[in-house]
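What follows is a set of structures for review.
Both complexes below contain chain A, partnered by chain B and then by chain C.
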Partner chain A sequence: MTTYTLRELMVVAAARQIADEQVVFVGMRLPLLGFLLAKRTHAPRAIGLYENGVIREIPSAEMLYTMSDPPNIYRATSCADMLTVMGLLQQGRVDVGFIGGAEIDRFGNLNTTVVHADGRRPIRLPGSGGACDIASLAHRLIAIMAHEKRRFRERVSYVTSPGYGEGGDWRSAVGLPRGGPSVVITDKAILEFDPVTKEAVLSSVHPGIGVDDVLAHTGWPLRVADDLTETLPPTEEELRIIRDLDPQGFWTR
Partner chain B sequence: MIPERKSLIIDERQAAAMIRDGMTIAIGGFINSSHPMAIVRQIIRRGVKDLTVVGPASGGLDLDLLIGAGCVKKLVTAYMGGEHYCPIAPLFRVAAERGEIDVWECDEGMFYCALRAAAQGLPFTPWKAGIGTSFPQVNPDLKVFTDPINGEPLLAVPAIKPEIALIYAAHADPYGNVQHIGTGFGDRAMWRAAGKTIVQVEKIIPNEEVRKNPLATSIYGADAIVRAPYGSHPFAAPGYYIEDEEHIREYVAAANAYAKKGDRRPFEAYLHKYIMEPETHADYLEVIGIKRLISLHEY
Partner chain C sequence: MPMGKRMTLTEAIERFVPDGASIVMGTAMEALIPFAAGHEIIRQKKRDLTLIGPISDILFDQLIGAGCVKKVVAAWVGNVSGGSAYNLRRAVEEGTPQPLEMEDHTNFTIALGLHAAALGVPYLPARTALGSDIQRGNDHLRSTICPYTGDRLIAVRAIEPDVAIVHVQRADEMGNCHLWGNLGVTIDAVRASRRVIITAEEIVPADVILSDPNRTLIPGFLVTAVVEQPWGAHPSPVVGYYNRDNDYFHEYHRETKTREQFHRWLQRWVLGVRDRSHYLERLGPDRCAALRPRRKAPSAPAEFGY
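Let's turn to the complex of A and B:
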């Protein structure tokens, strides 16, 4: 059996969220690699948008540390204005967007601005970047995070990127036009959202990880899906491509 | 025929002399790329205070340096970090947590809305993202209102007009016509909004070169041009050089010594060695050294 790292599994899980021909708002960090993997496997016609204005139909030839690396400019389809790609989001022309987060809550609201930990002074974080736009406006939102109890909180203290607010039809009630988190990919599991209550539900655990472990690292009583599955491991082909793109394991070790 | 025109080329000292205490200035680029660092370093040398700094939409260690040097009173940006070098800008974090700087809380879309409203001479730009988030609660300048056309809630983002925008680009002619390599990020949005624009470039090109490829002209009619080769260092310059990883790590280590351990000496040493001691941009490049500079190939 081939061995792989949890981060390689997360990259593969991210790539599998991209369907062919979809317009993808790629985001930072692991999705940079996830998009390249999807393009080389099941989604060769997907289009990548980057908030710095880059629009790509052909994936970059080399691994990316950041969206602004020279290989992401070279042979891009367009280097547009940043407001142009944000406008595509606002028009509803982006199928799926990826973001990370420092904290997430039961209804998929994400915080990357400031953490108010109990009884401690506030801890400043880097801020939204484009995350709030992506979470507000993409048709589907995929969040990628480390699965830790301090990050998975009953309620986030600051909503940088809207999930389902207080649940139910909160998004349409406040006037958000579409979207909401679809999947949360962590280093332990994959969470989806109840179609009615919009509460996060554990839908899949990664191979070798117990449900108890996931629940112990979640800051609220996490619901477990009736049809809970095990996350499909990476294929030989997927691992070959990831390691070809990132031979040093910068993103995956 | 084009009548004879006056050259707008100035040096980084003349450019920085236009920045006075308390001004609102925009700074272009994006995280680890394309910042007008020759001018930024000269602003620090001059000890300019109480600046309101607008952007970049995703700000990086250029702004962190300005904050650490005590030049900034208020920051308008959606992100402050160095991506894989440091997830959070160290001196920004310290200053924000202690209340030493004000942060105009926004996301990237709102950031561009504010510049766009200024560029259009409008009081605000409507935006759909961010409704229901904490942004309108913590930033009283953002107002949720009812769209008079469709009756739906929207966010009104007020105009922010920088007095001067400081931009980095690859090329300009002597008359203020600028051609970026790469996306140019949010630089055009800043130029359109700002009262004046100073563009620091890698190379001055003839006006004929600009007109050979007018589609490449990203900014026309900038108010001043500064020629500063390797002027985005230690950050990347699309078409010219990649970021100086070793230098950025040196900065992050110095900033973290203060942010995490309260020891300001390494940051003061950084400021002294790279900013206060060299008198000009050329002197700075001598400190960095020719070997390091020419090692920063794009590929």
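Let's turn to the complex of A and C:
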């Protein structure tokens, strides 16, 4: 059996969230690789939107460090401005959006602005960027995060990107038009959300990771799905493409 | 005022960036960031500035660390390659070198605020950020109700900077600019601002600009000052001229973790250099050459004959 890194598995899990012909708000780092992988496998007609204004159908030929790197401009479908792509997002034309986070909570609210830890000075983080917009306006939100207890908290100390707020129908009550977190991909597991209460539920653990390990690294009593599964490992083909896209393993080692 | 827009960067910053000014920069996201202009602002010891932008990569962090800034109006301040920006953290967490007021936005609300100003209206409605602490904590993102549908919306207040500083590929003497690649919020930022400083990789004859009016995204009559500044956006990329200097961003991350380290960094790259050509000497010709495009990829000409 081929060996792979957990990050490679996360990229594969991200790619599997993209269906063919979908419009994807791509983001950077692992989601970007996930988008490129999906394009080369099961979703060749997916369309990528980037908040800097780039719209892409042909995957970039080179590894990107930022979405504004010249290889992401070369042979792009369109280079527009931010309002163009944010407008498409607000209209409801984006099927799936990817973001990361420093903290996430039971109802999928994400914090990338300021961390308040007990008895310590608050830690200032970079902020939203476009994350709050994607979380507010995409039909489905996929969050990708390291699975650590200090990051998976009962309540985030600051809601940068709204998930399901306090659960239930909170999103429609505050006026958000649609969406909400659909899946959280971590380096240990995959979480989904209860359709009614909107609470996170452990739906899949990665091969070689125990359920107890996941629960021990989650800062609230995490519900476990009745039909808990094991995450499908990457195929040979998926690994070959990831390593072709990121030959030095900059994002995936 | 038909003549006299061409000037040096030193003169443009001296004349049009007073202490206390609000400045929008980094309008094309990770590309075309006006680092040369930012460094000149630091050398001229401008104070009490308000910086406005969606994301700024490491330029805002440098100005904060140099003590030029009292307020930031932005969606994201950090190092795109490295994550945290240490001067931002020191200013917010410790008040070093001075306290910093943060007005947190999202990329979309920055874009809408500038667009509102560009349209000449006091605000624009949006559906983003509802229920978030960004909205709760920002008095310029107030809740409102749509008079037609009754929908709950946010009213993004217009953002009117004193100055926009924008880096472009090429401009003529009058400030008519050709720019390409991702545009971010550049066009709205120019229209929203009272004054506009253009730094351009090249100043070209007016006929070059006139040959392709659809690419003239900034008309010269909105421009206050035009500066020819090759490599003016390094280490950020300029499509067609140079690629992103990724190592530089990693080095900055490693070399600014403490205040003392940052002082050394600032001395080496900003305070200890006279101007951009001196900076490029420090960078060295080999490093510059390695950033140049490796392939030609011109667009097909558009026919404007009649």
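Note that the second predicted complex is superposed on the first by the 253 of 253 C-alpha atoms of A that agree within 3 Å, B and C clash if a C-alpha of one lies under 4 Å from a C-alpha of the other, contacts with A are read in each partner's own complex, and residues count from 1 in each chain.
Note that in this section contacts are C-beta pairs under 8 Å (C-beta built on N, C-alpha and C of every residue); 3 or more make two chains touch, one makes a residue touch a chain.
Note that the coordinates shown come from a computational prediction; the quantities given were computed from them, not determined experimentally.
With the two structures aligned on chain A, chain B clashes with chain C. Look at A:Gly129: by the touch rule set out above, it reaches both chain B and chain C. With both structures placed on the common chain, the touch criterion links A:Val211 to neither chain B nor chain C.
Looking at the shared chain after the overlay, A:Val201 reaches neither chain B nor chain C.
Legend: residue contacts after superposition of the two complexes on their common chain; A:Val224 is shown touching neither chain B nor chain C. Residue contacts after overlaying the shared chain place A:Ser161 against chain B and chain C alike. Judged by the touch definition given at the top, the superposed model places A:Leu137 against both chain B and chain C. Touching of chain A by both chain B and chain C, each in its own complex, is seen for residues 28, 51-54, 65-66, 68-70, 73, 79-83, 86, 89-90, 113, 121-133, 136-137, 158-162, 165, 170-171, 174-177.
Listed in rising order, the residues of chain C touching chain A in the complex are 28-31, 54-55, 74-78, 80-81, 83-85, 88-89, 92-93, 102, 104-108, 111-112, 115, 126-134, 151-153, 180-188, 236-237, 239-240, 243-244, 246, 293, 297.
Listing the residues of chain A that touch chain B in their complex gives 28, 51-54, 65-66, 68-70, 73, 79-83, 86, 89-90, 113, 121-133, 135-137, 158-162, 165, 170-171, 174-177, 250.
Residues of chain B that touch chain A in their complex: 30-33, 57-58, 77-81, 83-84, 87-89, 92-93, 96-97, 105-110, 112, 116, 127-135, 138, 152-154, 181-186, 188-189, 236, 238, 242, 298-299.
Chain A contributes residues 28, 50-54, 65-70, 72-74, 79-83, 86, 89-90, 113, 121-133, 136-137, 158-162, 165, 170-171, 174-177 to its touches with chain C in the complex.
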